[in-house]
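Please go over the structures that come below.
One chain, chain A, appears in both complexes that follow, with chain B as partner in the first and chain C in the second.
Moving on to the complex of A and B:
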């Protein structure tokens, strides 16, 4: 079991690094999808099959398709000139130092924490549902309101009538 | 039964049905269109499949120089892998299931949503205008129909109280779910046609307008994979309809359960082919309108009513 965990973790790390550093937009997105799949495997190994399935259905299966759809439509292919300037090694110095500081901070905090013992049982869907709609019902409703804002925004954008010149589509 | 034999058996059944369907479809279409169809190679033209496969293998496997070669090559594989993986969670009979997962339905939905990538990436990597249009239609169509494909199955999941396919089959001992979940069945069936982009919903490949849509640039066995993948998709959707709504392998005991399962599956495969023979292709915007304005509300309403009945009765 541990071997699979480390394998999935390694795949997730490598593909994420490739997603960040890749210069081809679609290839970067594909690497991100692989990373999400690897995270899903980790969830499954941690006895949370429901979350693993949702990770694949929602993130890898729906959101990333939309990303790829938009990237395809805008025809963002290979690198641009401005990106080459951004990828100049000198630009990376300050962010790297800051990130390293954060990493040290993080390690120190983690070392001081009392990590609770992992629960050794498979979490089934019913338990997830019950805890979502009892303990975390407020968070669920807030998330619902947030999504509602997105729906209203999409409705607003879509409701503006375009002038249609196609003879079949005209009302 | 030996575990390895189950795996090999499932792969063998799935692949041979998919390959055989090429012949079945052409013969059935000819029957409905009052002609003979392929009848020259072997008895009743049965060896036509072998001849076609041999031809595909010997064709030049051409990767266009203007394409994105890596993505172009892996795209057909994604389709085969996602569909064949899903066959692992489907119970062909009692104890005849590769992986009796407790998240089987979610596994199927996840894999079918990953299958979209095959078509989208294949169309994009071809670097061809027609392929790109096909890919964009495919991503919009499959994303839309995926939404209520999941929702339409949730009624069955609520009634059976589980995500596992074999427990869903067991829950239908008292009666098939087709009666209480008729709306769910209709929505799932239409969404299934759209997910496998079969006629009448073959808008991503629409050969009248887009040459062959997303697989215009594919040749040889790469095209063959898309081709067989489509038939595998039909088999999969039919198998899932049989499992979720028609009692899976349940049936009178004078014949083995696997027989009943395959019989039910084949009836739906036949319906798929009959639909192809009889219905014209809708326009793209009509498809979207049908999805979001009719099927999506029906699926939600079905979910609401099922939930209310389960709680209050």
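Moving on to the complex of A and C:
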């Protein structure tokens, strides 16, 4: 079991790095889908099969397909010169070293933590559902309102309108 | 039964978050910046799942579902904005979208 965890973690890290450093947007998105599938395997190993299914269906299925559709719609070609300069190692090596130092700090702190031993019970999806619709029912309503606002906002932003200028600004 | 220590899992989630952060800071393409934000959302959710499994609390998985909803809304709005930016400026370079910047200084 531990081997599968380490394998999935390595796949996730490598494919995420490839997704971030890729030049081609479609290739980067496909790498990101591999990374999300690897994280989904980790969720399954962590006794959360429902969350693993959600990760595949919503993240890798819906969100990434949205990205790919937009990328294909825009037909993005080669990157701009300025980004080529940004991707030059000389520019990002110092921030990366600083971030790596912070990571070392984080690892040392985590290793020094006194984390209590895990409790010996089982957690199944039924408990998650009961908790979601009893303790967190207000948060579910708020998430519904947020999704509604997202739908209206995306519709408003996505509709192709004629360019309207205010009557005072008209020449 | 998975016996990986929780420290290792947290470090893995931290590494994923770090990769997303570095991507957000180094890339200037708006699509890549949105992708990096997604990676960071995902690693934050991973921490919730890890902690929820450690203490056998359902709250971790509930929080992940909320993170999923927020990420979906964020992507929908972000991509709609991205389409509008492309429509107006014919580029996805984040630095070129600087019309609000005061150039008189």
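Side notes on the structure shown:
Just so it is clear, the second predicted complex is superposed on the first by the 133 of 171 C-alpha atoms of A that agree within 3 Å, B and C clash if a C-alpha of one lies under 4 Å from a C-alpha of the other, contacts with A are read in each partner's own complex, and residues count from 1 in each chain.
Following the convention adopted for this analysis, a residue touches a chain if its C-beta (ideal position, glycine included) is under 8 Å from a C-beta of that chain, and two chains touch if they have at least 3 such contacts.
Every value quoted in this text rests on a predicted model; they were computed, and no experiment measured them.
In the superposition on chain A, A:50 makes contact with both chain B and chain C.
In the superposed pair of complexes, A:152 makes contact with neither chain B nor chain C. Of the two partner chains placed by superposition, only chain C is touched by A:12; chain B is not. When the shared chain is aligned, chain B comes close enough to touch A:33, but chain C does not. Of the two partner chains placed by the overlay, only chain C lies in contact with A:121; chain B stays clear of it.
Of the two partner chains placed by superposition, only chain C is touched by A:92; chain B is not. In the superposition on chain A, A:72 contacts chain B only, with no contact to chain C. Of the two partner chains placed around the shared chain by superposition, chain B is the only one that A:60 touches, whereas chain C remains out of contact.
With both complexes superposed, C is the one of chain B and chain C in contact with more chain A residues. On chain A, the surface touched by chain B in one complex and the surface touched by chain C in the other have residues 50, 54, 62, 66, 73, 122, 125 in common. Chain C meets chain A in the complex at residues 1-4, 6-7, 9-12, 14-16, 18-23, 25-29, 31-32, 34-36, 38-39, 42, 46, 49-50, 52-59, 61-62, 64-66, 68-73, 75-77, 79-84, 86-87, 91-93, 95. Within the complex formed with chain B, the residues of chain A that make contact are 26-27, 30, 33, 49-50, 52-54, 56-57, 60-62, 65-66, 68-69, 72-73, 122, 124-125, 168-169.
For chain B in complex with chain A, the residues that touch the partner chain are 68, 70-71, 101-103, 106-107, 109-111, 113-114, 116-117, 120-121, 124, 132, 135-136, 139-140, 143, 146, 150, 163, 283, 285.
Only residues 1-2, 5-6, 9, 12-13, 16-17, 19-20, 25, 28-29, 32, 35-36, 39, 42-43, 45-48, 50-51, 54, 58-59, 62-63, 66-67, 70-71, 73-74, 76, 79-80, 82-83, 86-87, 91-92, 95-96, 99-100, 102-103, 106-107, 110-111, 113, 115, 118-119, 121-123, 125, 127-128, 130-132, 135-136, 139, 143, 146-147, 149-151, 153-154, 157-158, 160 of chain A touch chain C when the two sit together in their complex.
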